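By letter and in written order, the chains are A, B, C and D; residue numbering begins at 1 in each of them.
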Amino acid sequence: MNDILRVTADFEAIRAVGPWLRSVLEPLGPEQCAAMAGSIELAVHEMATNSIDHGKSTSIELKAQRTNDAVDIILTDDGLPFEGRQGPAPHPDEPQVRGYGLMIVEALTESIDYERIATGNRWTMRFALESNESNSST
Amino acid sequence: MNDILRVTADFEAIRAVGPWLRSVLEPLGPEQCAAMAGSIELAVHEMATNSIDHGKSTSIELKAQRTNDAVDIILTDDGLPFEGRQGPAPHPDEPQVRGYGLMIVEALTESIDYERIATGNRWTMRFALESNESNSST
Amino acid sequence: MDPILATYEMNIATVELTDRLDALEAAPLRGILDGHIQLGKSRILVDLSKVDFIDSAGLAALVKYMKDARSMGGDLRLVAPTHPDALRVFELTRFDKVFTMYDSMTAGLTEW
Amino acid sequence: MDPILATYEMNIATVELTDRLDALEAAPLRGILDGHIQLGKSRILVDLSKVDFIDSAGLAALVKYMKDARSMGGDLRLVAPTHPDALRVFELTRFDKVFTMYDSMTAGLTEW
(Lines give C-alpha, C1' and ligand atoms only; values in the text may rest on other atoms or scores of the structure.)
Protein backbone atom coordinates (compact mmCIF):
# COMPACT_ATOMS: atom_id res chain seq x y z
CA MET A 1 0.00 0.00 0.00
CA ASN A 2 1.79 3.08 -1.20
CA ASP A 3 -0.64 4.70 -3.54
CA ILE A 4 -0.86 8.30 -4.59
CA LEU A 5 -3.86 10.30 -5.81
CA ARG A 6 -3.29 13.72 -7.31
CA VAL A 7 -6.36 15.87 -8.05
CA THR A 8 -7.03 19.48 -8.94
CA ALA A 9 -8.36 21.31 -5.94
CA ASP A 10 -12.06 21.58 -6.71
CA PHE A 11 -15.16 20.04 -5.18
CA GLU A 12 -15.85 17.90 -8.23
CA ALA A 13 -12.36 16.44 -8.44
CA ILE A 14 -12.13 15.49 -4.77
CA ARG A 15 -15.04 13.10 -5.26
CA ALA A 16 -12.32 10.75 -6.48
CA VAL A 17 -11.17 10.39 -2.85
CA GLY A 18 -13.80 7.77 -1.91
CA PRO A 19 -13.14 5.33 -4.77
CA TRP A 20 -9.37 5.80 -4.42
CA LEU A 21 -9.50 5.07 -0.69
CA ARG A 22 -11.54 1.93 -1.22
CA SER A 23 -9.02 0.58 -3.71
CA VAL A 24 -6.15 1.51 -1.41
CA LEU A 25 -7.75 -0.18 1.61
CA GLU A 26 -8.62 -3.35 -0.28
CA PRO A 27 -5.45 -5.24 0.77
CA LEU A 28 -6.64 -4.96 4.38
CA GLY A 29 -9.44 -7.36 3.57
CA PRO A 30 -13.14 -6.67 2.99
CA GLU A 31 -14.17 -6.29 6.66
CA GLN A 32 -11.38 -3.89 7.63
CA CYS A 33 -11.98 -1.96 4.43
CA ALA A 34 -15.73 -1.71 4.95
CA ALA A 35 -15.24 -0.71 8.57
CA MET A 36 -12.73 2.05 7.85
CA ALA A 37 -13.43 3.42 4.37
CA GLY A 38 -16.43 5.56 5.29
CA SER A 39 -14.83 7.41 8.18
CA ILE A 40 -11.49 7.86 6.45
CA GLU A 41 -13.30 9.24 3.44
CA LEU A 42 -15.19 11.75 5.56
CA ALA A 43 -12.05 12.94 7.36
CA VAL A 44 -9.95 13.22 4.19
CA HIS A 45 -12.84 14.88 2.36
CA GLU A 46 -13.17 17.50 5.13
CA MET A 47 -9.44 18.23 4.98
CA ALA A 48 -9.52 18.51 1.20
CA THR A 49 -12.56 20.80 1.40
CA ASN A 50 -10.71 23.04 3.88
CA SER A 51 -7.68 23.07 1.62
CA ILE A 52 -9.88 24.37 -1.22
CA ASP A 53 -12.08 26.68 0.88
CA HIS A 54 -9.55 28.22 3.23
CA GLY A 55 -6.15 27.32 1.76
CA LYS A 56 -7.11 28.36 -1.80
CA SER A 57 -4.98 25.48 -3.05
CA THR A 58 -4.93 24.54 -6.71
CA SER A 59 -3.70 20.96 -6.38
CA ILE A 60 -4.01 18.26 -3.74
CA GLU A 61 -2.01 15.08 -3.38
CA LEU A 62 -3.00 12.16 -1.19
CA LYS A 63 -0.71 9.35 -0.16
CA ALA A 64 -1.65 6.25 1.80
CA GLN A 65 0.86 4.47 4.06
CA ARG A 66 0.33 1.32 6.05
CA THR A 67 2.03 1.15 9.45
CA ASN A 68 1.78 -1.78 11.86
CA ASP A 69 -1.58 -0.99 13.41
CA ALA A 70 -2.71 2.07 11.48
CA VAL A 71 -3.18 3.66 8.10
CA ASP A 72 -1.69 7.08 7.48
CA ILE A 73 -3.15 9.38 4.88
CA ILE A 74 -0.86 12.25 3.99
CA LEU A 75 -2.47 15.24 2.31
CA THR A 76 -0.11 17.67 0.60
CA ASP A 77 -1.35 20.86 -1.04
CA ASP A 78 -0.01 24.12 -2.48
CA GLY A 79 -2.30 26.31 -0.38
CA LEU A 80 -1.92 29.16 2.09
CA PRO A 81 -0.48 28.31 5.50
CA PHE A 82 -2.86 27.08 8.19
CA GLU A 83 -2.70 29.61 11.00
CA GLY A 84 -4.96 27.89 13.44
CA ARG A 85 -8.70 27.84 13.59
CA GLN A 86 -10.26 31.22 12.87
CA GLY A 87 -13.69 31.67 14.33
CA PRO A 88 -15.23 29.97 17.36
CA ALA A 89 -14.73 26.28 18.06
CA PRO A 90 -18.08 24.55 18.10
CA HIS A 91 -19.69 23.59 21.34
CA PRO A 92 -21.55 20.33 20.76
CA ASP A 93 -24.81 21.44 22.29
CA GLU A 94 -25.06 24.86 20.66
CA PRO A 95 -25.74 24.40 16.99
CA GLN A 96 -23.73 26.77 14.83
CA VAL A 97 -23.58 26.80 11.09
CA ARG A 98 -19.89 26.38 10.26
CA GLY A 99 -16.77 25.19 11.99
CA TYR A 100 -17.49 21.46 12.25
CA GLY A 101 -14.85 20.30 9.79
CA LEU A 102 -11.85 20.11 12.13
CA MET A 103 -13.99 18.76 14.96
CA ILE A 104 -15.08 15.91 12.70
CA VAL A 105 -11.51 15.20 11.59
CA GLU A 106 -10.27 15.15 15.19
CA ALA A 107 -13.01 12.73 16.17
CA LEU A 108 -12.18 10.36 13.32
CA THR A 109 -8.38 10.31 13.52
CA GLU A 110 -6.05 8.78 16.07
CA SER A 111 -3.72 11.71 15.48
CA ILE A 112 -3.39 14.59 13.08
CA ASP A 113 -0.15 16.36 12.30
CA TYR A 114 0.37 19.63 10.50
CA GLU A 115 3.55 20.81 8.85
CA ARG A 116 4.17 23.88 6.72
CA ILE A 117 6.49 22.90 3.88
CA ALA A 118 8.23 24.88 1.15
CA THR A 119 5.58 24.19 -1.46
CA GLY A 120 2.49 24.36 0.76
CA ASN A 121 1.09 22.25 3.57
CA ARG A 122 1.30 18.67 4.69
CA TRP A 123 -1.26 17.02 6.93
CA THR A 124 -0.73 13.52 8.27
CA MET A 125 -3.87 11.79 9.47
CA ARG A 126 -3.52 8.51 11.32
CA PHE A 127 -6.39 6.04 11.41
CA ALA A 128 -6.22 3.04 13.76
CA LEU A 129 -6.95 -0.34 12.25
CA GLU A 130 -10.26 -1.53 13.58
CA SER A 131 -9.08 -4.98 14.70
CA ASN A 132 -5.88 -6.95 14.15
CA GLU A 133 -7.54 -10.21 13.19
CA SER A 134 -8.69 -9.11 9.81
CA ASN A 135 -5.20 -7.98 8.69
CA SER A 136 -5.20 -10.81 6.25
CA SER A 137 -2.66 -9.25 3.90
CA THR A 138 0.16 -6.70 4.09
CA MET B 1 -66.22 55.83 -9.85
CA ASN B 2 -63.28 58.16 -9.99
CA ASP B 3 -60.80 56.62 -7.65
CA ILE B 4 -57.06 57.02 -7.59
CA LEU B 5 -54.39 54.67 -6.26
CA ARG B 6 -50.84 55.96 -5.92
CA VAL B 7 -48.12 53.39 -5.08
CA THR B 8 -44.34 53.31 -5.05
CA ALA B 9 -43.10 51.37 -8.04
CA ASP B 10 -42.08 48.07 -6.50
CA PHE B 11 -43.43 44.56 -6.76
CA GLU B 12 -44.63 44.51 -3.19
CA ALA B 13 -46.54 47.79 -3.42
CA ILE B 14 -48.37 46.91 -6.66
CA ARG B 15 -50.09 44.07 -4.84
CA ALA B 16 -52.48 46.79 -3.72
CA VAL B 17 -53.86 46.87 -7.28
CA GLY B 18 -56.18 43.88 -6.83
CA PRO B 19 -57.94 45.05 -3.66
CA TRP B 20 -58.16 48.61 -5.00
CA LEU B 21 -59.73 47.41 -8.26
CA ARG B 22 -62.29 45.33 -6.41
CA SER B 23 -63.39 48.32 -4.34
CA VAL B 24 -63.49 50.52 -7.43
CA LEU B 25 -65.58 48.00 -9.40
CA GLU B 26 -68.03 47.41 -6.56
CA PRO B 27 -70.58 49.99 -7.80
CA LEU B 28 -71.00 47.88 -10.97
CA GLY B 29 -72.66 45.21 -8.87
CA PRO B 30 -71.31 41.90 -7.63
CA GLU B 31 -71.63 39.94 -10.89
CA GLN B 32 -70.02 42.55 -13.11
CA CYS B 33 -67.30 43.03 -10.52
CA ALA B 34 -66.61 39.31 -10.19
CA ALA B 35 -66.59 38.89 -13.96
CA MET B 36 -64.16 41.74 -14.62
CA ALA B 37 -61.91 42.13 -11.60
CA GLY B 38 -59.61 39.20 -12.30
CA SER B 39 -58.78 40.08 -15.88
CA ILE B 40 -58.46 43.81 -15.19
CA GLU B 41 -56.11 43.00 -12.32
CA LEU B 42 -53.92 40.84 -14.53
CA ALA B 43 -53.70 43.47 -17.28
CA VAL B 44 -53.01 46.36 -14.91
CA HIS B 45 -50.55 44.25 -12.96
CA GLU B 46 -48.63 43.41 -16.18
CA MET B 47 -48.46 47.08 -17.13
CA ALA B 48 -47.29 48.06 -13.64
CA THR B 49 -44.67 45.30 -13.74
CA ASN B 50 -43.39 46.59 -17.09
CA SER B 51 -43.29 50.12 -15.72
CA ILE B 52 -41.03 48.89 -12.89
CA ASP B 53 -38.97 46.42 -14.93
CA HIS B 54 -38.45 48.33 -18.16
CA GLY B 55 -39.50 51.92 -17.34
CA LYS B 56 -37.50 52.05 -14.09
CA SER B 57 -40.30 54.17 -12.68
CA THR B 58 -40.36 55.15 -9.02
CA SER B 59 -44.04 55.93 -8.65
CA ILE B 60 -47.21 54.67 -10.31
CA GLU B 61 -50.67 56.20 -10.27
CA LEU B 62 -53.84 54.39 -11.27
CA LYS B 63 -57.13 56.07 -12.02
CA ALA B 64 -60.44 54.35 -12.79
CA GLN B 65 -63.05 55.99 -15.02
CA ARG B 66 -66.47 54.67 -15.89
CA THR B 67 -67.73 55.35 -19.42
CA ASN B 68 -71.05 54.20 -20.80
CA ASP B 69 -70.12 50.63 -21.67
CA ALA B 70 -66.58 50.35 -20.43
CA VAL B 71 -64.18 50.95 -17.60
CA ASP B 72 -60.98 52.85 -18.30
CA ILE B 73 -57.92 52.35 -16.16
CA ILE B 74 -55.31 55.05 -16.64
CA LEU B 75 -51.79 54.22 -15.51
CA THR B 76 -49.42 57.15 -15.14
CA ASP B 77 -45.78 56.70 -14.17
CA ASP B 78 -42.53 58.67 -14.02
CA GLY B 79 -40.55 56.10 -16.01
CA LEU B 80 -38.47 56.04 -19.17
CA PRO B 81 -40.29 56.42 -22.48
CA PHE B 82 -41.76 53.30 -24.09
CA GLU B 83 -40.00 52.90 -27.41
CA GLY B 84 -41.89 49.93 -28.70
CA ARG B 85 -41.39 46.31 -27.92
CA GLN B 86 -37.74 45.29 -27.76
CA GLY B 87 -37.14 41.64 -28.41
CA PRO B 88 -39.23 39.19 -30.40
CA ALA B 89 -43.01 39.17 -30.21
CA PRO B 90 -44.16 35.77 -29.00
CA HIS B 91 -45.59 33.25 -31.36
CA PRO B 92 -48.29 31.37 -29.51
CA ASP B 93 -47.10 27.91 -30.46
CA GLU B 94 -43.40 28.42 -29.81
CA PRO B 95 -42.87 28.73 -26.11
CA GLN B 96 -40.41 31.45 -25.19
CA VAL B 97 -39.48 32.61 -21.75
CA ARG B 98 -40.25 36.34 -21.75
CA GLY B 99 -42.30 38.75 -23.75
CA TYR B 100 -45.82 37.68 -22.85
CA GLY B 101 -46.78 40.77 -20.86
CA LEU B 102 -47.98 42.98 -23.72
CA MET B 103 -49.64 40.04 -25.48
CA ILE B 104 -51.66 39.38 -22.34
CA VAL B 105 -52.62 43.03 -21.98
CA GLU B 106 -53.72 43.24 -25.61
CA ALA B 107 -55.85 40.14 -25.22
CA LEU B 108 -57.58 41.50 -22.12
CA THR B 109 -58.26 45.07 -23.20
CA GLU B 110 -60.69 46.49 -25.73
CA SER B 111 -58.11 49.13 -26.52
CA ILE B 112 -54.83 50.35 -25.13
CA ASP B 113 -53.47 53.83 -25.65
CA TYR B 114 -49.98 55.10 -25.00
CA GLU B 115 -48.95 58.71 -24.54
CA ARG B 116 -45.58 60.14 -23.54
CA ILE B 117 -46.22 63.07 -21.18
CA ALA B 118 -43.93 65.66 -19.61
CA THR B 119 -43.56 63.76 -16.34
CA GLY B 120 -43.45 60.22 -17.70
CA ASN B 121 -45.92 57.91 -19.43
CA ARG B 122 -49.66 57.50 -19.55
CA TRP B 123 -51.36 54.27 -20.58
CA THR B 124 -55.11 54.12 -20.99
CA MET B 125 -56.57 50.62 -20.90
CA ARG B 126 -60.23 50.17 -21.84
CA PHE B 127 -62.17 47.16 -20.55
CA ALA B 128 -65.63 46.43 -21.97
CA LEU B 129 -68.42 45.86 -19.45
CA GLU B 130 -69.36 42.20 -19.59
CA SER B 131 -73.14 42.73 -19.94
CA ASN B 132 -75.43 45.75 -19.56
CA GLU B 133 -78.04 44.08 -17.41
CA SER B 134 -75.95 43.94 -14.29
CA ASN B 135 -75.23 47.69 -14.34
CA SER B 136 -77.34 48.03 -11.26
CA SER B 137 -75.70 51.23 -10.04
CA THR B 138 -73.75 54.14 -11.52
CA MET C 1 -48.81 3.21 -7.02
CA ASP C 2 -48.63 4.98 -3.68
CA PRO C 3 -47.94 8.63 -4.47
CA ILE C 4 -45.12 8.99 -1.93
CA LEU C 5 -43.52 5.88 -3.43
CA ALA C 6 -43.93 7.35 -6.89
CA THR C 7 -41.91 10.43 -5.96
CA TYR C 8 -39.18 8.07 -4.85
CA GLU C 9 -39.06 5.58 -7.60
CA MET C 10 -39.45 8.13 -10.33
CA ASN C 11 -37.36 10.72 -8.51
CA ILE C 12 -39.97 13.44 -8.97
CA ALA C 13 -39.30 16.70 -7.15
CA THR C 14 -42.45 18.40 -5.91
CA VAL C 15 -43.00 22.09 -5.21
CA GLU C 16 -46.24 23.36 -3.72
CA LEU C 17 -47.07 27.02 -4.07
CA THR C 18 -49.78 29.04 -2.38
CA ASP C 19 -51.34 32.51 -2.75
CA ARG C 20 -49.67 34.52 -5.53
CA LEU C 21 -47.07 33.68 -8.13
CA ASP C 22 -45.99 37.10 -9.35
CA ALA C 23 -42.69 38.85 -10.01
CA LEU C 24 -41.97 38.88 -6.28
CA GLU C 25 -42.47 35.16 -5.73
CA ALA C 26 -40.96 34.20 -9.07
CA ALA C 27 -37.47 34.89 -7.66
CA PRO C 28 -37.57 32.31 -4.84
CA LEU C 29 -39.37 29.88 -7.17
CA ARG C 30 -36.49 30.20 -9.63
CA GLY C 31 -34.11 29.45 -6.74
CA ILE C 32 -36.01 26.27 -5.96
CA LEU C 33 -36.33 25.11 -9.57
CA ASP C 34 -32.73 25.99 -10.33
CA GLY C 35 -31.62 23.96 -7.31
CA HIS C 36 -33.56 20.90 -8.42
CA ILE C 37 -32.25 21.15 -11.97
CA GLN C 38 -28.67 21.51 -10.70
CA LEU C 39 -29.16 18.48 -8.49
CA GLY C 40 -30.07 16.58 -11.62
CA LYS C 41 -33.77 16.36 -10.84
CA SER C 42 -35.35 16.71 -14.23
CA ARG C 43 -38.83 15.58 -13.22
CA ILE C 44 -40.52 18.40 -11.34
CA LEU C 45 -44.18 18.66 -10.38
CA VAL C 46 -45.31 22.16 -9.39
CA ASP C 47 -48.61 22.31 -7.57
CA LEU C 48 -50.57 25.44 -8.46
CA SER C 49 -53.89 24.25 -7.08
CA LYS C 50 -53.75 26.67 -4.16
CA VAL C 51 -52.44 29.65 -6.10
CA ASP C 52 -54.97 32.39 -6.78
CA PHE C 53 -53.02 34.73 -9.09
CA ILE C 54 -50.22 34.14 -11.64
CA ASP C 55 -48.65 36.79 -13.84
CA SER C 56 -46.33 36.56 -16.84
CA ALA C 57 -43.23 36.69 -14.58
CA GLY C 58 -44.48 33.64 -12.71
CA LEU C 59 -45.31 31.94 -16.00
CA ALA C 60 -41.84 32.82 -17.33
CA ALA C 61 -40.16 31.03 -14.41
CA LEU C 62 -42.23 27.90 -15.03
CA VAL C 63 -41.53 27.99 -18.77
CA LYS C 64 -37.78 28.45 -18.33
CA TYR C 65 -37.38 25.42 -16.10
CA MET C 66 -39.85 23.35 -18.13
CA LYS C 67 -37.48 23.89 -21.06
CA ASP C 68 -34.43 23.02 -18.95
CA ALA C 69 -36.12 19.89 -17.62
CA ARG C 70 -37.20 18.76 -21.08
CA SER C 71 -33.68 19.31 -22.43
CA MET C 72 -32.49 16.93 -19.71
CA GLY C 73 -35.00 14.31 -20.77
CA GLY C 74 -37.44 15.14 -17.98
CA ASP C 75 -40.31 17.58 -17.68
CA LEU C 76 -41.82 20.23 -15.45
CA ARG C 77 -45.51 19.48 -15.05
CA LEU C 78 -48.26 21.22 -13.18
CA VAL C 79 -51.13 20.52 -10.89
CA ALA C 80 -53.63 22.87 -12.53
CA PRO C 81 -54.74 26.02 -10.73
CA THR C 82 -58.35 25.84 -9.61
CA HIS C 83 -58.74 29.61 -9.34
CA PRO C 84 -59.76 31.19 -12.69
CA ASP C 85 -57.46 34.17 -12.04
CA ALA C 86 -54.50 31.81 -11.87
CA LEU C 87 -55.51 29.81 -14.95
CA ARG C 88 -56.09 32.92 -17.08
CA VAL C 89 -52.43 33.60 -17.90
CA PHE C 90 -52.06 30.04 -19.24
CA GLU C 91 -55.14 30.33 -21.43
CA LEU C 92 -54.19 33.75 -22.84
CA THR C 93 -50.71 32.57 -23.79
CA ARG C 94 -51.86 29.06 -24.77
CA PHE C 95 -49.43 27.57 -22.30
CA ASP C 96 -52.27 25.41 -21.03
CA LYS C 97 -51.54 23.38 -24.18
CA VAL C 98 -47.79 23.30 -23.60
CA PHE C 99 -47.66 22.17 -19.98
CA THR C 100 -48.91 18.77 -18.93
CA MET C 101 -51.45 19.53 -16.21
CA TYR C 102 -52.95 17.21 -13.63
CA ASP C 103 -56.00 17.61 -11.41
CA SER C 104 -54.22 16.77 -8.21
CA MET C 105 -50.82 16.06 -6.75
CA THR C 106 -51.75 12.41 -6.36
CA ALA C 107 -52.76 12.21 -10.03
CA GLY C 108 -49.52 13.88 -11.09
CA LEU C 109 -47.35 11.54 -9.07
CA THR C 110 -49.12 8.36 -10.02
CA GLU C 111 -49.93 9.09 -13.67
CA TRP C 112 -46.60 10.76 -14.64
CA MET D 1 -53.89 11.27 7.54
CA ASP D 2 -53.02 10.70 3.90
CA PRO D 3 -49.43 11.89 3.47
CA ILE D 4 -50.16 13.94 0.37
CA LEU D 5 -53.02 15.60 2.22
CA ALA D 6 -50.69 16.28 5.15
CA THR D 7 -48.28 18.23 2.96
CA TYR D 8 -51.23 20.34 1.91
CA GLU D 9 -52.99 20.98 5.11
CA MET D 10 -49.83 21.58 7.07
CA ASN D 11 -48.10 23.32 4.18
CA ILE D 12 -44.98 21.18 4.48
CA ALA D 13 -42.38 21.61 1.75
CA THR D 14 -40.55 18.41 0.89
CA VAL D 15 -37.10 18.04 -0.63
CA GLU D 16 -35.74 14.63 -1.61
CA LEU D 17 -32.02 14.27 -2.06
CA THR D 18 -30.06 11.39 -3.54
CA ASP D 19 -26.41 10.31 -3.76
CA ARG D 20 -24.07 12.84 -2.14
CA LEU D 21 -24.66 15.96 -0.08
CA ASP D 22 -21.26 17.61 -0.14
CA ALA D 23 -19.94 21.12 -0.78
CA LEU D 24 -20.91 20.80 -4.44
CA GLU D 25 -24.53 19.84 -3.82
CA ALA D 26 -24.89 22.12 -0.81
CA ALA D 27 -25.11 25.12 -3.14
CA PRO D 28 -28.25 24.04 -5.05
CA LEU D 29 -29.73 22.73 -1.79
CA ARG D 30 -29.29 26.18 -0.27
CA GLY D 31 -31.07 27.62 -3.32
CA ILE D 32 -34.01 25.29 -2.74
CA LEU D 33 -34.22 25.86 1.02
CA ASP D 34 -33.75 29.59 0.62
CA GLY D 35 -36.59 29.66 -1.90
CA HIS D 36 -38.95 27.83 0.43
CA ILE D 37 -38.07 30.08 3.37
CA GLN D 38 -38.59 33.18 1.22
CA LEU D 39 -41.95 31.84 0.10
CA GLY D 40 -42.88 31.67 3.76
CA LYS D 41 -42.68 27.87 3.97
CA SER D 42 -41.29 27.31 7.42
CA ARG D 43 -42.07 23.60 7.61
CA ILE D 44 -39.56 21.73 5.48
CA LEU D 45 -38.97 18.00 5.40
CA VAL D 46 -35.68 16.95 3.80
CA ASP D 47 -35.45 13.31 2.85
CA LEU D 48 -31.93 11.95 3.29
CA SER D 49 -32.87 8.29 3.12
CA LYS D 50 -31.29 7.86 -0.30
CA VAL D 51 -28.18 9.90 0.40
CA ASP D 52 -24.99 7.92 0.88
CA PHE D 53 -22.49 10.60 1.94
CA ILE D 54 -22.88 13.91 3.81
CA ASP D 55 -20.06 16.25 4.77
CA SER D 56 -19.93 19.27 7.06
CA ALA D 57 -20.82 21.64 4.20
CA GLY D 58 -24.01 19.67 3.58
CA LEU D 59 -24.71 19.61 7.30
CA ALA D 60 -24.10 23.37 7.49
CA ALA D 61 -26.78 24.04 4.85
CA LEU D 62 -29.30 21.93 6.76
CA VAL D 63 -28.43 23.63 10.07
CA LYS D 64 -28.69 27.15 8.64
CA TYR D 65 -32.19 26.65 7.27
CA MET D 66 -33.28 24.64 10.32
CA LYS D 67 -32.46 27.76 12.34
CA ASP D 68 -34.27 30.03 9.89
CA ALA D 69 -37.32 27.76 9.89
CA ARG D 70 -37.40 27.59 13.68
CA SER D 71 -37.11 31.37 13.95
CA MET D 72 -40.23 31.56 11.77
CA GLY D 73 -42.11 29.22 14.07
CA GLY D 74 -41.56 26.19 11.83
CA ASP D 75 -38.86 23.57 11.58
CA LEU D 76 -36.62 21.76 9.15
CA ARG D 77 -36.85 18.05 9.86
CA LEU D 78 -35.19 15.05 8.28
CA VAL D 79 -35.98 11.62 7.02
CA ALA D 80 -32.94 9.90 8.52
CA PRO D 81 -30.18 8.63 6.24
CA THR D 82 -30.06 4.86 6.11
CA HIS D 83 -26.46 4.75 4.92
CA PRO D 84 -23.96 4.79 7.85
CA ASP D 85 -21.63 7.10 5.90
CA ALA D 86 -24.40 9.68 5.69
CA LEU D 87 -25.41 9.36 9.33
CA ARG D 88 -21.84 9.65 10.62
CA VAL D 89 -21.56 13.44 10.31
CA PHE D 90 -24.71 13.84 12.44
CA GLU D 91 -23.42 11.51 15.12
CA LEU D 92 -19.97 13.10 15.30
CA THR D 93 -21.42 16.58 15.69
CA ARG D 94 -24.36 15.41 17.82
CA PHE D 95 -26.77 16.97 15.34
CA ASP D 96 -28.68 13.70 15.41
CA LYS D 97 -29.99 15.07 18.74
CA VAL D 98 -30.78 18.50 17.33
CA PHE D 99 -32.76 17.54 14.24
CA THR D 100 -36.06 15.77 14.47
CA MET D 101 -35.60 12.67 12.32
CA TYR D 102 -38.21 10.32 10.90
CA ASP D 103 -37.87 6.85 9.47
CA SER D 104 -39.73 7.60 6.26
CA MET D 105 -41.30 10.42 4.29
CA THR D 106 -44.74 9.11 5.13
CA ALA D 107 -43.90 9.10 8.85
CA GLY D 108 -42.56 12.65 8.64
CA LEU D 109 -45.61 13.97 6.85
CA THR D 110 -48.17 12.25 9.02
CA GLU D 111 -46.47 12.51 12.42
CA TRP D 112 -45.16 16.08 12.10
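Remarks
In this text, contacts are C-beta pairs under 8 Å (C-beta built on N, C-alpha and C of every residue); 3 or more make two chains touch, one makes a residue touch a chain.
Because the structure is a prediction, the values reported are computed rather than measured.
Looking at the partners of chain B and chain D together, the chains they share are C. Distance between Cα centroids is largest for the pairing of chain C with A.
Chain A and chain D have Cα centroids separated by 27 Å. The geometric centre of chain C is 21 Å away from that of chain D, both derived from CA atoms. Look at where the CA atoms of chain A average out and do the same for chain B: the two points lie 62 Å apart. For chain A, residues touching at least two other chains: there are none.
None of the residues of chain C touches two or more other chains. Under the contact rule stated at the top, the pairs of chains that touch are A-D, B-C, C-D.
Of all residues in chain D, only 3-4, 7-8, 11, 13-18, 25, 27-32, 34-36, 38-39, 50, 105-106, 109 touch chain C in the complex they form.
Those residues of chain B whose C-beta lies close enough to touch chain C in the complex are 11-12, 15, 18, 38-39, 41-42, 45-46, 49, 52-53, 90, 92-93, 95-98, 100-101, 103-104, 107-108.
Those residues of chain D that touch chain A in the shared complex are 20, 22-24, 53, 55-57, 59-60, 63-64, 66-67, 84-85, 88-89, 92-95, 98.
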